[in-house]
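A, B, C and D are the chain letters, set down in written order, and residue numbers restart from 1 in every chain.
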Amino acid sequence: MGDSTTENPEIHPKFVTGEAGYILEDVPHLSDYIPNLPTYPNPLQDNPAYAVVKQYFVNVDDTVCQKIVVHKDSPRGKHFRRAGPRQRVYFEADDVHACIVTCGGLCPGLNTVIREIVCGLYHMYGVTKILGIDGGYRGFYSRNTIPLTPKVVNDIHKRGGTIIGTSRGGHDTSKIVDNIQDRGINLVFIIGGDGTQKGASVIFEEIKRRGLKVAVAGIPKTIDNDIPVIDKSFGFDTAVEEAQRAINAAHVESVSQENGIGLVKLMGRDSGFIAMYATLASRDVDCCLIPESPFYLEGPGGLFEYIEKRLKENGHMVIVIAEGAGQDVLAKCMEHDASGNKVLQDVGHWLSHKIKDHFTKKHKMTINLKYIDPTYMIRAVPSNASDNVYCTLLAHSAIHGAMAGYTGCITGPVNGRHAYIPFQRVTEIQNKVVITDRMWARLLASTNQPSFMSTQDITEEKKVEEPRPTQLLEGENCQDSKY
Amino acid sequence: MGDSTTENPEIHPKFVTGEAGYILEDVPHLSDYIPNLPTYPNPLQDNPAYAVVKQYFVNVDDTVCQKIVVHKDSPRGKHFRRAGPRQRVYFEADDVHACIVTCGGLCPGLNTVIREIVCGLYHMYGVTKILGIDGGYRGFYSRNTIPLTPKVVNDIHKRGGTIIGTSRGGHDTSKIVDNIQDRGINLVFIIGGDGTQKGASVIFEEIKRRGLKVAVAGIPKTIDNDIPVIDKSFGFDTAVEEAQRAINAAHVESVSQENGIGLVKLMGRDSGFIAMYATLASRDVDCCLIPESPFYLEGPGGLFEYIEKRLKENGHMVIVIAEGAGQDVLAKCMEHDASGNKVLQDVGHWLSHKIKDHFTKKHKMTINLKYIDPTYMIRAVPSNASDNVYCTLLAHSAIHGAMAGYTGCITGPVNGRHAYIPFQRVTEIQNKVVITDRMWARLLASTNQPSFMSTQDITEEKKVEEPRPTQLLEGENCQDSKY
Amino acid sequence: MGDSTTENPEIHPKFVTGEAGYILEDVPHLSDYIPNLPTYPNPLQDNPAYAVVKQYFVNVDDTVCQKIVVHKDSPRGKHFRRAGPRQRVYFEADDVHACIVTCGGLCPGLNTVIREIVCGLYHMYGVTKILGIDGGYRGFYSRNTIPLTPKVVNDIHKRGGTIIGTSRGGHDTSKIVDNIQDRGINLVFIIGGDGTQKGASVIFEEIKRRGLKVAVAGIPKTIDNDIPVIDKSFGFDTAVEEAQRAINAAHVESVSQENGIGLVKLMGRDSGFIAMYATLASRDVDCCLIPESPFYLEGPGGLFEYIEKRLKENGHMVIVIAEGAGQDVLAKCMEHDASGNKVLQDVGHWLSHKIKDHFTKKHKMTINLKYIDPTYMIRAVPSNASDNVYCTLLAHSAIHGAMAGYTGCITGPVNGRHAYIPFQRVTEIQNKVVITDRMWARLLASTNQPSFMSTQDITEEKKVEEPRPTQLLEGENCQDSKY
Amino acid sequence: MGDSTTENPEIHPKFVTGEAGYILEDVPHLSDYIPNLPTYPNPLQDNPAYAVVKQYFVNVDDTVCQKIVVHKDSPRGKHFRRAGPRQRVYFEADDVHACIVTCGGLCPGLNTVIREIVCGLYHMYGVTKILGIDGGYRGFYSRNTIPLTPKVVNDIHKRGGTIIGTSRGGHDTSKIVDNIQDRGINLVFIIGGDGTQKGASVIFEEIKRRGLKVAVAGIPKTIDNDIPVIDKSFGFDTAVEEAQRAINAAHVESVSQENGIGLVKLMGRDSGFIAMYATLASRDVDCCLIPESPFYLEGPGGLFEYIEKRLKENGHMVIVIAEGAGQDVLAKCMEHDASGNKVLQDVGHWLSHKIKDHFTKKHKMTINLKYIDPTYMIRAVPSNASDNVYCTLLAHSAIHGAMAGYTGCITGPVNGRHAYIPFQRVTEIQNKVVITDRMWARLLASTNQPSFMSTQDITEEKKVEEPRPTQLLEGENCQDSKY
């Protein structure tokens, strides 16, 4: 964390420590930089629905424990502030002017999150002024806004995509904060991935610098599941479900033809979660290639050798490749091939070409390779039931936090409980499939694919992992991935 | 826990305590009652897949923390033994003779669990003798067994149901244990709900009494999600997903006709989780009735009044009722009706009848009520991707535990990590929707339905909750349900 | 046809005859009762889309042949007027005031038909005044209308149900025609089944009596497929598709338990098409019971005997029953049972009860019967792709006909070509599964179920068939059902 | 037809003529070239299922009329021999040795056809010797066969693909007929498209030349629906249904981003039926490009102009392109581009590239184009209910025909009735979307896309159509496409 602190001197994680190694990594609050803010009773206390639920308000001391696998005498480790409604809030319903923006690529559940922010603000807190920012960050300054009401959003969770549009880039801190200020917006909900949340962090810093009473709430969105700390990102379950269709088609194609190979490219620029879970769920995959685990094509222990082996044994095989896998091999090949780079941009096409070339030309072996890229068909579906419930909790947690004055943080489930997490905790590092972990071992066992690794690789890979702030803070080897 | 200890003097929970309020509730082990058992190196250490994953074996001291929401100075609370492969095992592959039995009603994922036990035993531990017990407990003594191999189970996860059949009841401890002994079975995997696991517990006690080297591994199955301690039961996600179809149909029917009412009965004899989650996921439900929350029909604040209000406002409504809801009202009505009890057994039919009667006869108001009972269509679908991954981990955890000599326990995820949990912890109490909890408040807020409760009810309900061992052990009010 | 002519002296089928036994059964036209109506060029001739399609307009002499299976020298038989756009129309766009009404139960595709009438009138003929009548026939006089524009209906084909509501009954000829006259409506699209089209016929007669320039276009809707002459009704394909889910669930339930019986009730009051096609498509059904084919329970050759046989052979079975099947047996049973009639209204419940009773009480044989009634889940789904295309053609054909002055008829495909058919041809008789036909023989062969028939039954059944006007007109035995 | 007769002197269509312009285009029969063949009573007459269906056997004079749209005095036109069981058959069950081969690409329903041939032969005719030829034509001489029984094929209709494998090419007439002769096979079922049926025709000629008592039955398979005469090919409905998913995803992607373009490539090398029907069913498509209708990119009336117009109006659009569309434009572009041809093979990639290039580079306009190629995901799904019933009838018709001695023909529905059609009638010409027909006009009206045609194009296109044998024989303009 040393480095990042040097780079962003503004970002001071708020740490609170306790006995037995207890650490709370707290989030910013409006009162940190605006003195004497008045508070109001939470309007939820008058809600008939909550009248019967006495324990509804979150105790101010509640924190969520990150470390679940412990020893009798291990330190308690890091905690986050529990999400949920507070007894007192920092905004009055009539004064609230909220806005919602969605950035980056599509992800199942975007519309559900939008719907639940609107309905939650309206029904729980009586907020009526809610704007949709059209088409991502640049919508703040270059386009008209879209008024959002419970009626407008009523059915949108049954549709894929985002009704307020999205885009990449377009982040201009001054213009955005000017616009927020000019419109009198005081609750900003920013739904987006890694880059978007970095942008949100900068917006928060500028708002703080200007001393504005504006809460900035990040809602992490990444279909790749590459956001750290939180259990999983919304839409991920739906994406894995949809990916099954493509894998199943690849399986059917491969078994119906001699030396049939079904090749499926799935999302995952830097992390292979969708590929890994889809492979584990499907059971029809013979080889899963992800960015975290390097592979090579030629020679002993290489992919071609494995393909040949499988075709000889079974006559067919299915390969799943995450879009970010094999970038190093691909880069090397491009140097070899000299020109025609355009062809090679897509790892799926590149691998198709390589496999066909290897077996047809070099081995005079007829293979029937079918390449499937279901990316946009996966991204665009509506969220499934499980993601719908997730999105509801996420939206509500974000609302409760912002109304209670928490700002400069994202919301997400940690070990099943929703918590508030400082921006820098999720933007500094990426969540990756840990390939020295049991989940990856399970995958290897399930596919029986080679690890494509020499001892040297493994050692190298560990070196890269070690400086992770997470690991350092947790400080011991009993913690591993979720399962 | 006092009572149960009196009833089953054999069951001694193994407690280990530590500093800062750390408690480990451990599970039985073969070595508890058989001295000097030899151990063997885990064959997984030679598995090429695991060669690269050095941290694969679970540290013997790893435990999983149950309490996630904590205060800086709150006690650490209860922990369970972490599931996973151990360095040393208590069985040699050639000596293992495993069996699998499925009991009770269908649940999505049964076939996936069976598949993964078979494939896991075979591929990870080299076990080849695996029997399917045909048709539940009584299959041990009254029917032939079904030999299970990876080939036989290869595609079964794509089908609903259970390929080895199931039944209710049929538990005869002596006959079952005799049969286990006669066949030389030493690993017993028992997949079933509450009652089945109670039966498994008794089988374990008998096996222990006879001093047999037989590990009994329970795999909790309940589509209702009413097993406590674990995060959720397998098949639950799939069931909620499928329930959406019925709710959606009810919604379409209701909006297409004047005073349209769509009534959907969902599973849930004692707990309303499916009804609650399906309601939260769908957003089209106006009223959700579950066993945990009593309701009444007539008079102010009653269901009829609410229905009338909604029909006047919107012209249509959707009601979801769990099969176990309203049993007290139903019982009272039956006394009134004197005869014809058969008609009234199904709460959905009963409520249909009551509503039609009330509005048509008493109010001369034409209503169009459509009743949908999707129960068997939900139970019989194959598990979705998320449940498939869950079932795989569950099966593998159960295998690792049994091979490592743990017995008399069930396997399941606690806060996302798989753990071994003693039988009595899951059979003594039931998991229920806590209607003084935030999740239920969320539902009430989402549907805007009345709570159907007087202050008296709430107090009474709390009284019932208090004696729960869980609550007593946890001892403080900062812990609530998962979200 | 003699009888019906006596009853409705107004209805004169317009017959045109030709050589080689050619008969055209023509439909009424506005010019039949209003002299000297002006005509206008069809605005489609200026449509850029149609500019390239020279043969777009239907030749005035085109007729559609009903008899497809012929002999070299057999008479040509009956024909209908071909549907499609005419060179000249009887309405000017600005003068058109159209209305749409949907009556009866839900059926997949209703919204698609509504959408396509609105979009077709608007885009093809430039009609802008289109009203939705709210909630069926009674909406004409008791409720406000719903203005329909292409924007309003844009996405409705992706939803089940009908956005303009529906109801049964409520037909009051005078009030309806008064209302049509008062509002200045001159195109009336009536979507509904048997009874609805009879109503439409009476409305047409009254309009003709009053000499109004109002075209009445019937669009036949029946999920049961019981409308004669036309190839199949819209929504039928979708319904059969959805029915598979229930049958599949019944199959899974039945094979997972000892003596498992899955019983599925499908739609079909008077005709068993859904049950028959779902059975043929699914291949998992052991017995299909439909209204057209009587069955009995007890004794040799009865259903119980067959069930017992199947359970002995396979251990499980699936039964599909159409809702109208076995009404005679059910009626007899009711007399026997004396009271408790309410229970027996649903043939599925009744049969469940009977089977359980027979095997459990009388045979002391444990059976596991699961009863599934997917009716409302089938009716409420959106139409599939095939039905969407069908609904589009149907709506367009109805529009073209009405604009061209044809009235008092329904539209539908005859041997794949859309045609205009007089009301009485589809309301006088019902389309039924002909159980002396090859399709039923195929089903019997597929399920291997007994025919539940004595020679006497067969003879009787033929007697009933004989007086059918269809048969008389067609006059020979070489014609059979579609396939 | 003149040309083809010259090329294949062996092929003499058997024409029978009658009064009023009646023509029967008959199929070959074993008795044409083998004198004095004995016949046997059809074993179906003893089938209990058929006992009740007296009219089950097809009258020897039954023919199916191809021309449905007629005038009072138009000639009756062409007919085909009706399919179905005959009173007498030319094979005895014990002597039958059947084989099944599947060739070409995957298509939904292949497994259903295989299943129903096996079950139909077995259950209806008592045939037990049925072989699956492994992997297409070459499987006859280079691979082992797969014995097929009702048990083996029981569940295969629920899976996509073909269990007996498929391949392209591999046709070696002598080797195949030698193998048929050596194995004593006398019923040959050949499932495949255009090229495959040409191969089947040659096999039939060789069999006839050798005087073998072997019936060759072709079952036309083409997901593209490009086989003429028959109503539609099996799997087509399922393919259109699945194509909706891709179009829907393209729609969601396009509306969620500024200047969003969703581009979907669908199957259709020479004919655009899938693209056309999917467009008509979906209603979300702005432009549908098919092989039959040429288009151009640049200049007035070109595709780029239309895209720009739509983006300005709506901000987004969806384009569907059949894989064979625009081959002429694509060919020209390749000449321009000089090298890098590999990139341009796929019309979808080519068009993506062209559109991006045009708008980004030339117009400095940011567009968000998402390209979806769902081909293999569509081909590999199991057939839907409607196709399942279709496949059953197809298989049964083929069986009845072969058993009755008909050979050298394919089976398929003509105006809804199954008929036997000589090979040359389906292999000489291809079924294409007639773009001067009403169905295409409907599509143009539905999308509002330009026709991309000058008057010259239309005239040219008509010239190409004229020499079609179909047109010549039918000889008049009242006949158009199905709807």
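As a convention for this text, contacts are C-beta pairs under 8 Å (C-beta built on N, C-alpha and C of every residue); 3 or more make two chains touch, one makes a residue touch a chain.
Going by UniProt, the chains are A, B, C, D = ATP-dependent 6-phosphofructokinase.
In this text the structure is predicted, and so the values were computed from the model without any measurement.
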Chain B against chain A, contact positions shared by both copies (same if over half, else different): same
Chain B and chain C: spacing of chain centres that average the CA atoms, whole Å: 45
Rounded Å distance between chain A and chain B, as computed from the means of their C-alpha atoms: 29
CA centroid of chain A to CA centroid of chain C, Å: 50
Where chain B touches two or more other chains, by residue: none
Arrangement of touching chains [line / ring / star / complete / other]: ring
Parts of chain A lying in touch with chain B, wherever the complex brings them together: 16, 18-20, 22, 24, 47-56, 59, 61-65, 67-73, 76, 79, 82, 84, 115, 123-124, 157, 231, 237, 240-241, 243-244, 277-278, 280-283, 384-386, 388-389, 392-393, 396, 413-418, 435-438, 440-442, 444-446, 448, 450-451, 453, 458, 477-478, 480, 482-483
Of chain D, residues touching chain A in the complex: 106, 135, 159-162, 165-167, 245-246, 248-250, 252-253, 255-258, 262, 340, 342-343, 370-374, 376-377, 379-381
